[in-house]
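In the two complexes that follow, subunit A is the common piece, with subunit B as its partner first and subunit C second.
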Partner chain A sequence: MTESRIYLQRAKTNKLVEASLLDEVTDRHLAMWEGSWCPAMEAYCEGRTAGNQPEDHHWDWKWKADEWRPLLGYHSFAIVCEKDLQGLMLVSDFKSARLRVQFGKPVVYVEFVATAPWNRPELRKPPRFRGVGTVMVAAAVELSWELGYRGRIGLHSLEAAERFYRDHCGMTKLGKDRGHQGLPYYEMTEKQAERFRQ
Partner chain B sequence: MIENNKRTMTLNLTPREMAVLEQLASAKDLSKTGVMRLALRLLQAVDSKTRLGQKLMFEDEKSKEKSELVLL
Partner chain C sequence: MKIKPMKLNHSKQWYEDRIALEGDAEIGAGTPPGVRAKTPAKSKVTPVDTRIAFGTFVALWRRNRGWDVAALAEAAALDPQGILEIERDPHYEPEPDVVRKLAGVFGLSPKPLLELAGLIKPGTPQLREAAVRFAARSESVAALNDREREAFEAFVSAISKKV
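Here is the complex of A and B:
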C-alpha cells in the first residue's frame, strides 16, 4: 500500500490541511466508515423521504470490499485527514472508452466515489473539508497514466455531481445510459486529462 | 494499487495468436504485455461474475438483439 501526501481545504478557514491518499482501502478504513461515516449518514437521512436523501446513502462499502478485493482489475483508494476518513473510491481498469476519439481503448472506470458526510455542503454548513472529489479524480487519472491508458477515465455521474465532472474536471458527457439506471456517462480524454493535471 | 514486485514468464504464441496480440495492442494503444495483463484482469472479473450465476450478454445497439457469451 502506498501513502501519498495530498492537501484538502478546510472550508471554515480556506487553509490547506495535510492529508493522506492511500491506494488501498483496508479493514481500518472500513471500520472508520462503519464507525463514523455511516452514523452521520443515517442521522441525516432519518425522517427524510428517499428523494431527499443523498443518492449514495445506501452504498455499502464493506459489501463492495468483499467483491473487489480478490479481483486484479479493481483498485480502491481512501483519503484520511486528521485521523478521520474523508473519502473512498473504487475503480476498475478493464472497461473500454465510448467516445469516438478513443473508442475501444481501455479507461480507468470510476465505479464508486464518495466524500464523507461532513464534507458535503448539503449535510453540514460549512463542510469540514473541500477537495476530496478533485483528489480522487486526480488519483484515477494518475492510475490511468501508470497503466498506460494515457489519463483516460470514465464514469457514470449521480445527478448531484454532474456539474463537478463537467465544469471542474472538464469531462465530456455522452448522454444518459439506459443500461446504467439512466445515469449520464462522462469520459475524460488524454488531452482533457493533461488539462486537468495542470 | 499497482504492484512493483513482478515475475517473468515466457509466452509461446502461434503466428496467428501473435498477429491478434499485435493488432489488439495497436487498437487498444497498449504494449503487448499490457494487452495480456488486461486480458487476465478481464477474464478474472468475468469468471467471478459467471461463478455467481450471472451471464455475460451483448446487445446490438440498433436491433436491441441480445446474445449471451458462454465461457468455458
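Here is the complex of A and C:
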C-alpha cells in the first residue's frame, strides 16, 4: 500500500490541511466507514423521503470490498484526514473508451466514488473539508498514467455531480447511458488529463 | 502487467487552485439511484462494453490474417460496411446471421460471439469479463504488436473453451 501526502481544504477557514491518499482500501478504512460514515448518513436520511436522500445513501462499501478484493483489475483508494475517513473510490482498469477520438483504447473507469457525509454541503453547513473529488480524479488520472493509458478515464456521474466533472474536471459528456439507468457518461481524454494535471 | 505503486506528487499550489474550482460541488459517481449497492461489480459489464470487445476481436482477427475489411467481407459473404460498423460502433447491433457467418470464417462456435454482440442472453460472465479486458488491452494500430497478439490468442482460447 502506498501513501501520498495530499491536501484538503478546511471549509470553515479555507486553509489547506495535510491529508493522506492510500491506494488500497483496508479493513481499517471499512471499520471507519461503518463506525462514523454510516451513522452520519443514516442520521441525515432519517425521516426524509427517498427523493431527498443522497443518491448514494444505500451504497454498502463493506459489501463492495468483498466483491472487488478477489478480482484482478480493480483498484481502491481512501482519503484519511485528522484520523477520519474522508472519501472512498473504486476503479477498474479493463474498460474501453467510447469517445470517437480514443475509441476502443483502455480507460481507468471509476466504478464508485463518494465523499464522507460531513464533507457535503447539503448535509452539513459548512462542510468539514473540500477537495475529495479533486484528489480522487487526480488519483484516477495518475493510475491511468501508470498503466500506460495516458490519463484517459471514464465514469457515470450521478446527476447532482455533473457540474463537477464537466466544468471543473473538463471531461466530455457522451450523453445518457441507457445501460446505466440513464446516468450521464463522461470521459477524460489524454489532452484533458494533461490540462487537469497542470 | 507490473504496475508501479501510484503516488500523487502535485504541489500545494495545485491543490489550492484545483480545490477552489471544486468548491462545494457534489462529486458522486457510480451506481445509479434505485439500484441496490449489492449489485456485483463484475456483473456491471454492459452490452456496449461487450460490443466494443466483439468489434475489437473482429478487427484483430482480420489484422492477424493480414486481411482488409473487403477480404473478410468476401470470405463471409457480407457487406463491408456492416463489418466496419461492427468494428467501430458499439451501438450497432448486427443481425444474428451476420455474427454466425463471421463465426464460420473464424472457425468458432457462434454462441459466445452472439453473446458478446448482445444478441442472446448473457450466460457466461467470465467470458464477458475476459472479453472486455481483452478489448481494453488492444490498441488500434496497423499491425498486431506482441501484447495484442498474446491477448488475441488468449482470448481465442477462452472463447474456444466456452464452446
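By definition in this document, the second predicted complex is superposed on the first by the 198 of 198 C-alpha atoms of A that agree within 3 Å, B and C clash if a C-alpha of one lies under 4 Å from a C-alpha of the other, contacts with A are read in each partner's own complex, and residues count from 1 in each chain.
In this section, a contact is a pair of C-beta atoms (placed from the backbone, for glycine too) under 8 Å apart; a residue touches a chain by one contact, two chains touch by 3 or more.
As the structure is a prediction and not an experimental result, all values here were calculated from the model.
J.: Have a look at subunit B and subunit C on subunit A after the superposition and call it: clash or fit.
T.: By the criteria stated at the top, subunit C and subunit B clash after superposition.
J.: By the touch definition at the top of the document, which applies to A:Leu88: first (subunit B), second (subunit C), both, or neither?
T.: A:Leu88 sits against neither subunit B nor subunit C.
J.: Determine, under the contact definition given at the top, whether A:Ile79 touches first (subunit B), second (subunit C), both, or neither.
T.: neither
J.: Report for A:Arg98: first if it touches subunit B alone, second if subunit C alone, otherwise both or neither.
T.: Once the two structures are laid over each other on A, A:Arg98 reaches subunit C alone.
J.: Could you say whether A:Arg150 touches subunit B, subunit C, both of them, or neither, answering first, second, both or neither?
T.: After superposing on A, A:Arg150 lies in contact with subunit B but is clear of subunit C.
J.: Of the two partners subunit B and subunit C, which one touches more residues belonging to subunit A?
T.: The partner with more contacted residues on subunit A is C.
J.: On the A-aligned overlay, A:Ala193 touches which partner chain: subunit B = first, subunit C = second, or both, or neither?
T.: So A:Ala193 meets neither subunit B nor subunit C here.
J.: Does the superposition put A:Leu71 against subunit B (first), subunit C (second), both, or neither?
T.: A:Leu71 contacts both subunit B and subunit C.
J.: Check the residue A:Thr2 against both partner chains and state whether it touches subunit B (first), subunit C (second), both, or neither.
T.: In the superposition, A:Thr2 touches subunit B and subunit C alike.
J.: In the overlay, answer first, second, both or neither for which of subunit B and subunit C A:Asp60 touches.
T.: After superposition on chain A, A:Asp60 lies in contact with subunit C alone.
J.: Could you list which residues of subunit A make contact with subunit B in one structure and with subunit C in the other?
T.: 2, 23, 71, 73-75, 92-94, 104-106, 143, 146-147, 179
J.: State the interface residues of subunit A toward subunit B in the complex, per the touch definition above.
T.: Residues 1-2, 23-24, 70-75, 92-94, 104-106, 143, 146-150, 179 of subunit A touch subunit B in their complex.
J.: If we count contacts the way the header does, which residues on subunit B are in touch with subunit A in the complex?
T.: For subunit B paired with subunit A, touching residues are 1-2, 27-31, 34, 38, 40-42, 44-45, 48, 59.
J.: Which part of subunit A faces subunit C closely enough to touch in the complex?
T.: Subunit A reaches subunit C through residues 2, 4, 6-9, 11, 16, 21, 23, 54-56, 58-60, 63-64, 67-68, 71, 73-75, 90, 92-96, 98, 103-107, 110-115, 120-122, 127, 130-136, 138-139, 142-143, 146-147, 155-158, 160-161, 163-165, 168, 177, 179-183, 197.
J.: Where on subunit C is subunit A touching in the complex?
T.: Touching subunit A from subunit C are residues 1, 3-10, 12, 15-16, 18-19, 21-38, 40-42, 44, 46-49, 52-53, 55-56, 88, 90, 129, 132-133, 135-140.
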